[in-house]
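Here the structure is laid out as structure tokens; the discussion comes afterwards.
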Amino acid sequence: MTAKTFKRPDGRKAEETRPMSAKVGVVPNADGSAMFSFGDTVAIAAVYGPRKMHPQHSQNPEKGTLRCNYNMLSFSVAERARPGPNRRSTEISKITEWALEPIVMIKKYPNMVVDVHIGILQANASTRCAGINAAALALAHAGIPMKELVSSVSIGKMDKTLVVDLVKEEEDWEEGEGSTDIPITLTNSGKITHLQLDGKITSAELKEVLKLAKKANREIYEVQKKALKESIKLN
Amino acid sequence: METARITGERISQYLSQGKRFDGRKPEDFRDIEIETGVSKRAEGSARVRIGKTEVIVGVKMDVMEPYPDSADRGNLIVSTELLPLSSERFESGPPRFPAIEIARLTDRAIRESKFIQMEKLCIKEGEKVWAVYIDIYSLNDDGNLMDAAEIGAVAALKTARMPKYDEETGKVLYGEFTEKKLPLQKEPPIMVTAYKIGNSWIVDPTLEEEDVSEAKVSIGATPDGVISSIQKGEAREIDIKEFEDVLDLTERVRKKVFKEIEKYSD
Amino acid sequence: MERKVVIPGEVIVSGEDYLPGEGTEKRGQEIVAIRYGLAEESSSLVKVIALSGIYQPRRGNVVIGKVENITFNGWVVDINSPTGAFLPLAEVPRFVSKDEMSEVLDIGDMLVAKILGVNGRGIDLTIKMRGLGKIEEGMIIKVNSNKVPRIIGKEGSMINIVKNETGCNITVGQNGLIWIKGERIEDELFVKRAIMFITEKSFTSGLTEEVQKWFDKHKKGEKEKE
């Protein structure tokens, strides 16, 4: 299934993620915050809340609301992205919400909102995944009750080769069957909270993708866990 | 929650003795840290920390038609977003006045000081010029985003490298940087904003101090003392004598700030 | 079980006898953390002490707040909680006529109050007891509400050291707001620095001795300055 026909531009093995790094507490003003990076894709997330939800008519009396906002800084990409929301960022904001909601326990906060703000400081593909990883950390850092963390990664299919953690060059690849991009978010217990696909794939290949995602997920989880644990110095 | 009035009274009382809560004197800036080249896709970038206040600034370039009234010079576009992630007080949405003010004052300081030699950004008069975009983002607001933003803009401009431009196709080859820097003057404009609390004037307020200030004056000038931009802000009036004192104050402070940021120059 | 830092989803202990306390959930045989914090076990009850997160208002808490609005029957108070707080006219220790309300407590005034009750619609406050009421002068500082138990210490042991060493009046609100009032602003700022020291070192054991040492060191410094 994973024929070694595709050579990755940075020399990585098919199943290798880029070097990852994570840190919490990067925005002092926020209730919780974190930075997460896959190589040179860098995302920061800040959480404010639970706090009162405005406007009042958006309040949900049955449970709290999780509100995510994904934003790419204009200079994070090669061709300047005009500041402000666009259709892509609106979609990613929503799927980020969906990726996180199953694990966030905000039933206990009716009429309140937990705001998650994600900023992409530097982009080299997999930005939504980096954003979700940073967001999960920031939520935990903010003391929001959560069932567990989620970890997100992009799996790609380059012609027939499956690879983990795409870079832009791989995303843009066009030979053979071209590039299929599959960002996927899993809980640590293996449930899917987010899955998107853009390209061409068979069900059998997709099952392989899920296997790769589970493995990568565990590696990402270790990075996230370390960031949270290291932030507190017990004597 | 905004700073309590009684705390404001303490800040004011203490200032009348020439002292500030964090031990600084009225004319002291907090520690300034500058890191450049922090965002690889940008032609130039800088991350500036003043105390706990943090901004990130990026410079992007593009080739386009010049504006009709400046057919032989490049274009400068400055924008600012006060990101909701940087403070509970900022909301999502189009930039409101505080963000617009920072963008416009930074623009004036840079444009009017002629820091960027805009004529050298002309490729073909009337047809193609380089446009320089300066985009400023707040990452943590603990007061004085204004001055941090301008320092960031200058640092990003100074370390920016121009991308390759294919004259035949008329396309900018992003990611292919040349060794060529932006055509800049030697002396950068520096913004120092003075804030009035009670009867005292300070620079570089923390958020707490900013909350209780009633008037402010931003002055952008090069270290040799040539002023290129001024804005008096907030609703309280000031005397002419006060304004003159502020001019002297900002001149003294500007020299110190310039020395600080020079450390980060290549 | 030794105290340890845990993250959401992490198994703290496994075993039938353990009981899930605050910040945890029992899943099968396992006690799992549902909050980021310090896991502690005592008498089989496993709980996670929160290190971060917003203030959880509780009945009986003394809190410090700011008047946001005056309505026909009381004051709307911001106590830094997403649930709104309200001080009814009836909970002020003297009779206040509708015209006097802003004289007693005006918008922007700070006050020390006690929580009478917390329900779905809001938090009810009172200032009828001693030590409660409008704050006339001093300074207000803000810390994360989770650090308050450390700042107060067992039966006030920690905060008493600070009071004695600085000679200041200090009221610590459970919601993380602290009112400091001293003879000189220097003394109030000394308290502020001490409290910041305590919050930074809040995970250290033997913190009371550390704080005493800190005071001994810094008081010398203060004397030298004078």
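Going by the order they are written in, the chains are A, B and C; count residues from 1 in each one.
As a working rule, contacts are C-beta pairs under 8 Å (C-beta built on N, C-alpha and C of every residue); 3 or more make two chains touch, one makes a residue touch a chain.
What you see is a predicted model, and the numbers here were worked out from it, not measured in a lab.
Novice: Treat chain A as absent and tell me which of the other chains still form joined groups.
Specialist: In the absence of chain A, as far as touching goes, the chains form one piece.
Novice: With contacts defined as at the top, give the pair, B-C or A-C, that has more of them.
Specialist: If we tally the contacting C-beta pairs, A-C comes out ahead.
Novice: Report the inter-centroid distance (CA atoms only) between chain A and chain B in whole Å.
Specialist: Centre separation, chain A to chain B: 32 Å.
Novice: If you average the CA atoms of chain A and of chain C, how far apart do the two points sit, in angstrom?
Specialist: Here chain A and chain C have centroids separated by 35 Å.
Novice: For chain C, jot down the residues that touch at least 2 other chains.
Specialist: There are none in chain C.
Novice: Please list all residues of chain A that touch 2 or more other chains.
Specialist: Residues 51 of chain A touch two or more partner chains.
Novice: In their complex, what parts of chain B are in touch with chain C?
Specialist: For this pair, the touching residues of chain B are 1, 4-7, 9-10, 13-14, 17, 19, 21.
Novice: Given the complex with chain C, which residues does chain A contribute to the contact?
Specialist: Residues 31-32, 49-52, 103, 105, 109-110, 112, 140-149, 187-189, 224-225, 228-229, 232-235.
Novice: List the residues on chain B that touch chain A in their complex, please.
Specialist: Answer in residue numbers: 38-43, 45, 52, 56, 58-60, 62, 79, 81, 83-88, 92, 94, 133, 135, 137, 139-142, 174-175.
Novice: Name, in rising order, each residue of chain C that touches chain B in their complex.
Specialist: That would be residues 66, 78, 80, 108-110, 135-142, 185, 188-189, 192 of chain C.
Novice: For chain C, which residues are in contact with chain A within the complex?
Specialist: Those residues of chain C that touch chain A are 3-5, 7-10, 23, 25, 34-38, 50-54, 82, 84, 120, 146, 203-205.
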